[in-house]
Structure formats: C-alpha cells, structure tokens
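A, B, C, D, E and F are the chain letters, set down in written order, and residue numbers restart from 1 in every chain.
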Amino acid sequence: MKMIQAIIRPSKLEVLKEALFKAGINGMTISQVQGCGNQHGWKEYFRGSEVILNVLPKIKFEIAVNDSQVDSIVELITETVRTGEVGDGKIFVSAVEDCVRIRTGERGEKAL
Amino acid sequence: MIDSGSTTFMLVCTMLVFLMTPALALFYGGLSRRKNTVNTMFMSIAIIGVVGVLWMVAGQSLAYGGDGSPFIGGFDQLFLNGTLEEVLNPVDGTFPPIVNIAYQMMFAVITTAIITGALAGRMKFGAVLTFAGIWLLLVYAPLAHMVWGGEGSLIGSMIGALDFAGGDVVHISSGVTGLVLCVLLGKRRGFGMLSYRPHNVPSIVLGAGLLWFGWFGFNSGSEFAADAVAGLALLNTAIAPAAAMISWMAVEKLMTGKATLVGACTGLVTGLVVITPAAGFVAPWAALVMGIIVAPICYYGISWLKKKIGYDDALDAFGCHGIGGIVGGILTGLFCVPELSWNDMGGLLYTGDPSLLIAQVEGILITVVFVVVMAFIIGFVVKKIFGGLRVEESVENEGLDVSLHGESAYPAFNGLD
Amino acid sequence: MIDSGSTTFMLVCTMLVFLMTPALALFYGGLSRRKNTVNTMFMSIAIIGVVGVLWMVAGQSLAYGGDGSPFIGGFDQLFLNGTLEEVLNPVDGTFPPIVNIAYQMMFAVITTAIITGALAGRMKFGAVLTFAGIWLLLVYAPLAHMVWGGEGSLIGSMIGALDFAGGDVVHISSGVTGLVLCVLLGKRRGFGMLSYRPHNVPSIVLGAGLLWFGWFGFNSGSEFAADAVAGLALLNTAIAPAAAMISWMAVEKLMTGKATLVGACTGLVTGLVVITPAAGFVAPWAALVMGIIVAPICYYGISWLKKKIGYDDALDAFGCHGIGGIVGGILTGLFCVPELSWNDMGGLLYTGDPSLLIAQVEGILITVVFVVVMAFIIGFVVKKIFGGLRVEESVENEGLDVSLHGESAYPAFNGLD
Amino acid sequence: MIDSGSTTFMLVCTMLVFLMTPALALFYGGLSRRKNTVNTMFMSIAIIGVVGVLWMVAGQSLAYGGDGSPFIGGFDQLFLNGTLEEVLNPVDGTFPPIVNIAYQMMFAVITTAIITGALAGRMKFGAVLTFAGIWLLLVYAPLAHMVWGGEGSLIGSMIGALDFAGGDVVHISSGVTGLVLCVLLGKRRGFGMLSYRPHNVPSIVLGAGLLWFGWFGFNSGSEFAADAVAGLALLNTAIAPAAAMISWMAVEKLMTGKATLVGACTGLVTGLVVITPAAGFVAPWAALVMGIIVAPICYYGISWLKKKIGYDDALDAFGCHGIGGIVGGILTGLFCVPELSWNDMGGLLYTGDPSLLIAQVEGILITVVFVVVMAFIIGFVVKKIFGGLRVEESVENEGLDVSLHGESAYPAFNGLD
Amino acid sequence: MKMIQAIIRPSKLEVLKEALFKAGINGMTISQVQGCGNQHGWKEYFRGSEVILNVLPKIKFEIAVNDSQVDSIVELITETVRTGEVGDGKIFVSAVEDCVRIRTGERGEKAL
Amino acid sequence: MKMIQAIIRPSKLEVLKEALFKAGINGMTISQVQGCGNQHGWKEYFRGSEVILNVLPKIKFEIAVNDSQVDSIVELITETVRTGEVGDGKIFVSAVEDCVRIRTGERGEKAL
C-alpha cells in the first residue's frame, strides 16, 4: 500500500474530490496547510503598507491506495489540478505498511 | 418651537437605522462562503459611503425636493441646499427638518445594501458600486417620492396605497432588484452541486439581532413622533418577527425534522419585513397573524421556487425582502385599522370594502414593474461600462476576497473553503 | 397629553432591553464549547420567539392585568385585549401604556433566556422551549405581579420590599431556576475531567459589552421617566460594574496570579446584577461599594461552592445572577437613600431601622421558595412529557449542534472541540 | 423644570458613547495578531473599569469642579460629592447635571482606551492600567478643563479655540500619547520583517460599525440639547465618514490597485475623527470636503511617515486619531459657520478673518505640547515602577494572551499566528 | 520505529487521549482533518435546501512508537474508538527512519 | 528522498522559516497541530476553576529533501528552535518513494 500526499491549490479542492470519487476512490483525508514553494508568496497591503506573505494556504489530500493504483491516481491528480502556473503543488508517495479499518478490525489492503 | 421629545426620538431612530447596514454586513457576511466574506461585507459597507455621499449630493433632492410631481422630486435641494438656513432659522414643527434628511439617508443606505445579498460571490466590485449609485438616484429616490412624496405623489396619494415604513420603497424595491441582477449575472459556478452553507452562524445571529434592534427605529420612527402609534409600531415589530421565527422553526421541523438557528434568524427577518408596511396600521393580534403567515411563504419561495425557476439569489435578498414585502403590503390591505389609516380607506377585514386592498396591490404592481424595468436597464448599462458584470472564473474559484481585495477575512485560521 | 420626552425614553429603553437577549446569546455562545455553540445561542434566540408570542397571548395579562390579587394578575388582557383602544383614545400620562407592554415583554424575554446558561450542552431542545413557555406563565408573570403589581401585591406592597429593576423578578428567579434545572439534569458527561473552556473570547466581550449597553435601558428605564433618578440609575449602572470588574480582576490576580478577560467580563456582569435592584435607590458611592463586594462573593460561589456542592451550572447562570441578585437585594436594604425609596422605609445605614433590610430578605426568601418549588414541578412535568430532559450520550459527545440542529457554528474552520 | 426630551437625548447619548469602548475593543482586537487578541481587547475593557471608577473618585472633580482656574478643576466634587443632593433637589435646566457626569465619564473612558491602539503586543498589563489611571487624572481631566471648562479656561475661553466634541480633548490627546508611548516602548520585535496583518476582518467591521453608531451620540450629544444643531452634528457625522471612506478607497485603488475593507473601515474612522471638533459648526458640504481631505493625509501618515520616522504605532492610534484630530481642528478654523460658533469668531472662509484659525492652531499646539510633556513624564514614572514598560522577549514571541492572561482568544480553532 | 496514524471520530478524541495516557504513551500529535470514506456524508438543510456534505470532520492522531508497541497500540485504539457504525475511521502504520528530540539532540528510539 | 517532519513551538515558526529559506530550502508545508509530550500541559483558570490543558498548540513543518540534505537540515532545525526547555519538540524522518511537481509533471528528486 502507498500513501499519496498531494498538496494543491484551495480552489481545486472540489474538482479533485469529484474526480477522485468518479475514479472510484472514496477514502481520503483532507486538511488545510500552509505552503511555501517556488510560488514565493504574494503581496497584500495593510493600510498602505506592503505585507509579504510567504506562506500560502494550500490543501493537502492524503489517499491510501493499493500499489497498483498509484500511477493512475497520481496522473489523475496531476491532470485535474494542473493550471501550469507556479504554485500548482506537489505529490509525495510513500510506503504504508499496514492499514486497519477500525469498525471491523480488518487489516491490510482489504481495509482500504 | 419644536418638540424636543420627538426630536430626540427621530435622532435616535436615525442612528438605529444607520446601524442596520453594518448589521446587514454581518448577517450577509456570516451567510456567505468564507472565501467571499470580505467582499460580501464590503458591498454593504462601501454602500454606506457611496449612498451616504450621493444622498447628500442629489438623492434627498430627487426624492423630497421639488414641487409635487407624481413621480420624482426636484433639483432645488442638490447638495442639501437650504438646509443650513433652516438650522439657523428654526421654524416650528415636531422636529427640525434636518433630522429627517439624516433619517431618510439611512433608509436609502440600508435599502441599497439589501440588494447585495443577491449578488454574493460573483459580481465585479466596481460594477456593484456603480450600479448602487445609479440605482439610488434613478430607482430609490423616485420610488420614495411616489410613495412618500405627499400630496400628489403617484402611489401614496393618487392611488392611496399605504406603506408605513417601506414595504414598497425598501423591501420590494431591493428584493426585486436583487432578482433582476441574479438573472443578469447568472448562477455561481457550481451552484446546486457544491455545498454552499453559511460559514459563521454566530455572525448571522449577531447580524439578525442588530438588524431587529435597528428595525425598531426603522418602523416606529416612521411615525415621526413619539406617541402611542410609535409604541404600537414598536410592539408590532416585536410580535411579528417573534411569530415568524416560531412559524419558520415549525415549518423546518415538519419538512426536515430539525429546526435550525439559521432558519430561526431567516424567519425573524421575514417577520420584520412583513410588518414593515403595516407596523403602525395594524393591531398586535394582526402582527401575530402576519408573522405566522409570512414564514412558510418565504420558506417555500426560497427552498422550492428558487430551485424550480433556477435563479441564484445567493443570500435570498428576493426570497426574504421581495416576497416578504409583497405579502406585507397585501396583508396591510386586509388588516389596516381604519382609524390608523393615513387616508380614508381601511382594511377589508374591518370595512368590508376592498378599495384599500386593491390600492395596495396596485402600489405593489407599479413598484415591481418600475423596478424591474429600471433595474434591467441600469444593469445593462453597467454591464457595458465594465465589460460584463461578472468576475473571471478563476477569481470566483479562488474567492473574491483574495482576488479582488487582496484580503482574507480570517487569515490566521485554518479551514476548508 | 403625554410627555414625548419620557415616551421616547421608554421606547428607546424597550429597544435596549430587547438587545440584551441577542447579546446574551453571544455571551453564552462564546462561553460554550464550540460543538454546542449553535444550541447555546439558539436557546436564547428561540426564547425571543416563544416568550415574545406568549407574553402577548397571556403573560402581560397574568402579570399586570386583573384587579389587585397579591399573587397574580388576571385574564382580562389576554391577546392584549383593550390595547388598541388605548392607542386610539389616548389618555393622559407620562407615556402611552402600550409602550410599557413592549418594555415588559423584553424583560420577560431576557429573564427567561438567562436560565439557559445553566443548561448548556445537554438538554433536549423541545424540553427547553416547553419549560420556558410554562415557566414564563407560571413563575415569571406571577412573580412580576407579586413584586411590581402595585397596590396589594405580596412582595412589593404587603411586605414592602424594593426591587428597582429586577433583582427578585429577573435575576434571582432566573438564576435559581437555572440551579434547579442543573440538579434535575445532572452534570455534563466528563464534567470536572474534561477541559471546558470558552471557545470564543471576543464573542464573550461583545456579548458583555452589548449586555451592559442594554442594561442601561433596563435599569434607568425602570424609573419610567426621563428625570434625575433615571440619570442616577444610569450612573450607578456604570459605576457598579466598573468596580466589580476591577474587584474580580484583583481577586483573580490574588488567587491565580493572572487577571483574565473572561474574568473581567464575568465580574462586570456580577456588578450589573448587583446594582439592578438598587439602581435608583442608592448613591454613587454605594454603587461603588456594591460592585466591589459582589465580585468576590460570586467568584467564591462559582469557583468553590459549585465544586463543593457539585452541580454543573455550565455558564454560571446561578453563580452570577442568583447569587448576585441576592447580594444586591440585601445591600439595597442597607444602602437605600430614604428620600429615593418607593415606600416609607429607607436603608439601615441611613435610618438605623432594619425594617427595609428585613423586608428585602423576606422578599428574597419568598422568591427563592416560590421559584424552587415551581421550577421543580415544571421540570418534572416537562421531563415526563419528553421522556427525560436530557439528550442521549452520543448526542452530547458529538455536540448538540450537529445532532439536534444539523448545523455547525463555524463549518469552514478547523479545530478541536 | 427640566426638559424631558433633552434629558432623554443625553441619557441615550451617554449609553451610545459607552458603547464605543467595547466597539473599540472589537476594532483593535480584529486588527491585532491572533496571539495578542485577548490582551488587546482587555486593555480597552479594563480601562472601562479603571477610568470608570477613577472618574467617579476624582476625574469629574478635577475636570469640572472648582471655581474657574484656567488649567484644572478642583477637589470639591471628589467621590461625586454633592451629586445626590442635586438629584434629591432638582434645579431647573435642560437636563439634570447627574446625566452630564455619566456622559463625561464615557468620554474619559473612550479617550483613554484609544491610546492602547499604539501599544498592542508588547506592554506590561499592569503598566498599561497604571499609566491609564495617572494619565486620566493628570492629562485628560486638566485638558478637558482647559477646553471645556467654560469661563476662564485656557484654551476654550482665553484663546477661544472651538472643539465641538473633542478634537483636542479626545483625539489629539490620545493619539499623541500613543505616539509618545510608542517611542518609549520601542518597536515590536520583528516589526517590518514579519507579516503583521489583522487577524479578523469581520471583527474590525463590527467594531467600526458600532464605533460609528456610538459616535453619533458622541458628536450630536455634544450639543447638549435635542435641537437642530444636534441634527446638523448627526448629519455631518454621517457625511464626513462616508466621504472619507470613499476617499480612502480611491487612494488605495490608486496606490496599490485594490480597495480593501480594512482600508474602508480605517478611512471611515478618520472621517469620524476629523468631523469631531467641527460637527456642530460646519455645513454639510464642508463635512463632505473634510472627509475627502482627511483620508489621504492619514493614509500618508500611516503608510509613509510611520515607516520613515520608524515608530511602531501598532494599530495607528496616532495615525488616525492624532493626525485626524489635528486636521479636523485646523479645518474647523476654516469652515466654521459664524452663526454656529460658540464665540464671536467664525471660519476664515466666511469671515476672511484668520483669528479663529489662529486660535485653533494655538489650541492644538498647547494640547500637543502639554500632552507630550506629561505623557513622557508619566511614562518614565510608570517605567520606573514596573522596571520597564515592556514584556520579556519570550512573552512577546509566545503572544501576550497566553503568557500574561493564561487565555487564548479562540482556543478551539486551528491556525498559524 | 513506526508512525501510527489514526483517523477517528471527533467525539472519541478525549477518550482515546486518556486511554493512550493510561497505556503509558505520552507523546502524540493531534490535528483536525476532513475525511471521506464509506460514510458518505450527511445531509444538512440550509433554508430548506438540502446540502450534501461529503467531507466530515475527523481527528487525526499521529503516534510514533517502537516496533514492539505497534500491535498493542493499534489494538488499543481500535477498541477504544470503535462504535461499529460506518465512519469509525482507519489506522495507517508506516516506517519512521529516525527521530530526534530537539531539546536534547537525542536520536533514535530513546528520543521517542 | 526523505520527508522531515518537525513538530516545534509556535513561537519558533518565523525564525525556522527564515532559517530554512537562508539554507536554500524553499519548499515546505506547515500546519498547526496539537501536541502532547513530556511537557504535560499547562493550567489555565476559567472563572477561578483550574483547567488542565494537556494538548498544546504546536507547529508541524514537513520538508521533503534529498537524502544528502537530511542531516544538515535536521541539525539546522534542532539548533534554530531549541530552547532547552521541555516542549521543544520532535523531528521524524521517513522515506519518500516518489515526488511529482504537478505543474510540470517532473518526478523524483528534480521535482523537489
């Protein structure tokens, strides 16, 4: 099993969720985070004074999937949320050793 | 001599009506999505500025100046010309006329601000303010004249329709304008699919509470004297919303199984709207009945009609104010106590004579037609000026706060939306 | 003729007392846990609806109708029967009686709402509203009659206890009722183990600020005329809470090392409560002393007594209003300036005669006994009707907002609780 | 006999001015960083307690007691000595003098609270309150006497400077004191590097809305009678902030490309400040002009001068109140309608005679010099007492809320800051 | 070392925390997340219109433990928070390569 | 690639961010979490009653880096945020198998 962690733009939250549902993924965990990256922040003004914001709101999706699904899901995410502008985000993939469905106690891939 | 008691009353009522617009900003702000909170509140707040200034420049003159046209005031009081003289050489009367200028300004501000509830989340900010300014001068001011312009005015005098504190002038006009703009704007992207919900319920409660508080000044101040009728208007403005709140909660319990706080606040606002044209005309028991009646009608308008017809009245400016105002105007024709009427017509229920009811309906129809036509025209003009009324898709997705204003409402809080 | 100045005063004070209930919703809402915010606020807001309607239907009549029983009014003013006639045929007096109906309605609303502070986080919503409605008619209305029913009323006339703006009628009655319901309900699950803290301090500050603002109308309006005593009541309503706030902060600094903002707001509320029965009876210096005294007593009641006895008065309705009201009533017997008294008894300190002090204590005792008995009976009846007063354990765990109302207060914000 | 209408007016205005301090707490609280919200609000709230009590103890006497020194009142009214007698033996007049004591108390409270905007995020809490108490007695009370002490007072009578509702007494005094404390305190750590932004925009909007609402009582109440001039003051207090808001938005649009809601709120506050000394003296068109002028000046002061000179006026107490008050005082010398003047001097524009303008400038200069000197001295003394005005670095980093008060403003919400 | 990540119902936060303390675990990191899973969201009503919420508030516990503790902790969590209803949550276990206690600079298992 | 997860004091957020920028790291994801550890919580008072808070606000940094950078970054973090008092926080290091830059579709180390 792998954990796919995608950091995306907040405005892409709804579309990505829908796209994942359509692809048959209905387990995921979402949270709001702040990110820095190549997108170096923006300027706002507070009473005429410049304020540099170098952390921007981002959304993190965590999706645990079978090894076989990783590539297709990564591709799906990439295509769904890409705008081509700096700040589109990153996907990280890492290994998960075990998974438990609390309700039933099932373990491993069938618990996903 | 003036009456210092009534002067104080009108001074305080002016302040109370003022407070309704910041209250509306909180009410609408809480109802909006988090990413559009600043924009939603900003529309109301900026309208205090725009309308405040324009009312002084020309609005007051167009509404209450001139010499008795049925449709509109005149140009003799531009820039409040003559007002200072009146202050320096006081004449007799219940209260000094300058107080009424301020009072009328606050009415103009809150009326214009109500419209913005229909626009949340998608309209260009410059277009909103430009529309608001033109609308004030070409719709609100003439309509105020037609209804409250005294001797010779179209709706108030010739037709004889009654409007105690602004059913036609305030609620129907703003609600219907909101509807027209909804149609011109189109729906928010994702409307019906996405899960739009209010983002801050305490802000809604606070807004509704302050609105109600200010509305006491709005309705009882429309008696323009501190007397028993002002007391009646106040009491009715307590009873109708209380009844409408309970009525709305009962409908919700019946339809969805659960009474909600946002529902209760919506219900009380419909009760405030429905009693506005009637506040000083009806008995307390009629206020109770009006409150009970209005809530299910607005509920139906908001939950069913809106979906059916398919306009996106984001925060239900039409659903609450347009529909509620129409219901209130009609019921005034039914329940008006003849002795309290401003003319020789009384409510059908008391007199058996439908003249007032008919006048009320005529007044409403003229208001609706006038407002629809004018709002469409102004909408088109503003659309031309700004190359479209609507923001870019990306702006709408990202939220209007950050895109249009470079601000977030709560930058230090995490969350989704 | 009526006096338009005092009419205006009473109209405005009515609006101000109205505002206290939304203010209380914000105050209690901020003090509650996040997951119970909607429910906590909803109790106060819905009570505006329920009590507003019931006051018009029967409350006013039961409190102030009839012909002079010591205990209760009559049935002659049901549905405000006769009010419209009074509006149409004004009689002489300081202000039109209809204004007083509205003013008394607002008192009934806020009093009933105060009770809910004891119930936060565990009571069935229907049971709350049912209890509130019955309580209004069977406890509040009779008690208002006993104290303020004029000639022949039990506490106000026969015993001669003084209650300027509602120590007995408002604060002791609601606070003690809250305590009774606490006992009937039992503690919140996890009480004492979990870390209950307010979830939104600015909301508490806002609520306290608006409460204080409204309280000026509550206390000075109870003079029922715009005169020097109204001014005194206003000034005392500024001084006592200011002193109580400082006093509370000093106690906190002493006991825990840190003055808190929630503490300051709690302190000022105890100051408002203590001065309520005394506002128009005592000199400013006495208001100062009363404020200084009340804070440590309530602090002790809340922090020590509550733990000791073990009831779960969630937001301290009893701790602030019950205890503060009793202290205020007793101190009125000490500090009442004889010339300002409503009867021929003055404060012990001025007269050396303990009659007033004794009358005050008697008034409080009757109030407490009456309220305790009635609240238990009504509580039992409501419990029977609803099959228990309390929500399921799972509802309490998940939070009442989502479970009972299908709403979250801040759905777009992340956080724990 | 007193006039019950004007008595009501002053009672209500007193309540409105009271409300400004909780409003300021919300305004400043929203502008602060999240981790300093409790502390920022607490400074304003605690000042209601401290100043409320001290005003009763000595402030009123020092400001308005005594027998006509140019500089300060007397000691004859300590603890409001004599007030109760006035209540018991009413004399003729527009309203009972006790009402004015309460009204003046509220002025003293809000003035002292304004200062705290300059201190956000770094000053010891005990030092803030100690400074506030001493400042009230040694700066505010004498200054109020010099300007409003009547016959023989230095600024108001001898120089003849006009200050309708508190340009010198309220805004310049508090703004300049804020500036002095900024200099004594030094900058917040990380000032200029870190991204300070407001953490809660709706709270700012609410605060600004309630401030404006209360300010109507502040400015029109300063007429001390419910008459046409009170109406003028009210209208001007609507027009100037409306104009200043639009003006500020225009400047922002020009300079940064985007109008912000925080900017609009800041702009309207500068409009409120600028019209304060002039409210009952100038024509509505002049209020419009004053509003348009003040916003860019304050904008410049806040965005450029502050950075240039390098003081850290955290929430711009000096930038809004100090600068705005000076502009307002000077423009009063230009625009004052001679017939409305309190003395025989009128505005330069009407009379061609610069006497009033010169008197205004003199009044401002005396105020500034007096306040600067006194604020430095008191600041030094308080620094000595507390071993430094400033909290430890670690306290500042962690946030003053948790460190000084053991409280977080929103403990149940996640976020950064 | 392993990282145990448990996504649970918000109403189980306090009990799980207490249970872990009792089991001698006193290092953990907690955050609020939004989750989708078999529990397909609920309906709310806004002014009479249905609103489908397909992300629900959940609490995420992250607990780094020694390899030997994994099974007992997973079991403890499962037992403590199970209600048997859909929406009980998931546990994910993955490998941690190193751990540092910032205060002392200690590394590895003894830094836990 | 490794993922470095650092749980630190909120008051160290700005300094650590600056320090990482200076060290040439400009990709990171930050979130607020609640932590329990050796720092057993603090006491607050609510109306005179003691409230024990056993979860404290902490900041979580997630920084994906090349294997070679791990030690220097860990050291940098440790030095920047250490105060020596209980509650300084923990760093966890784990393996990341893949990384995707959504904007370009690049994968692996060059996507960092």
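Brief remarks on what is shown
Here, a contact is a pair of C-beta atoms (placed from the backbone, for glycine too) under 8 Å apart; a residue touches a chain by one contact, two chains touch by 3 or more.
The structure displayed is predicted, hence computed values, not measured ones.
Any chain that touches chain A and also touches chain D is listed here: B, F. Hopping across touching chains, the smallest step count from chain D to chain E is 2. More C-beta pairs in contact connect the chains of C-D than those of the other pair, out of D-F and C-D. Chain F has its Cα centroid 51 Å from the Cα centroid of chain B.
If you average the Cα atoms of chain B and of chain E, the two centres end up 49 Å apart. Work out the mean CA point of chain A and of chain B, and you get 44 Å between them.
In terms of their C-alpha centroids, the spacing between chain B and chain D amounts to 33 Å.
Residues of chain B in contact with two or more other chains: 3-6, 8, 12, 197-198, 200, 206, 256, 258, 260, 262, 406-407, 410, 413-416.
Listed for chain F are residues 30-34, 44-45, 54-55, 94-95, each touching two or more other chains. Which chains touch which is summed up as A-B, A-D, A-E, A-F, B-C, B-D, B-E, C-D, C-E, C-F, D-F, E-F. Interface of chain A with chain D (complex): residues 34, 44-49, 51-55. Within the complex formed with chain E, the chain F residues making contact are 2, 6-8, 31-38, 40, 54-55, 58, 60, 74, 77-78, 81-95.
Remark: chain D residues 195-198, 251-252, 255-256, 258, 260, 262-263, 266, 299, 302-304, 306-307, 316, 319, 416 touch chain A in the complex. On the chain D side of its complex with chain B, the touching residues are 3-6, 8-9, 12, 16, 33-34, 197-202, 205-206, 208-210, 212-213, 216-217, 220, 225-232, 234-235, 238-239, 241-243, 245-246, 249, 256, 258-262, 264-265, 268, 283-285, 288, 337, 339-340, 410, 413-417.
Per the touch definition, chain B reaches chain D in the complex via residues 2-8, 11-12, 14-15, 18-19, 21-23, 25-26, 29-30, 37-38, 41-42, 45-46, 48-53, 56, 79-80, 83-84, 86-88, 90, 95-96, 98-99, 101-102, 105-106, 125, 200, 203, 206, 404-415.
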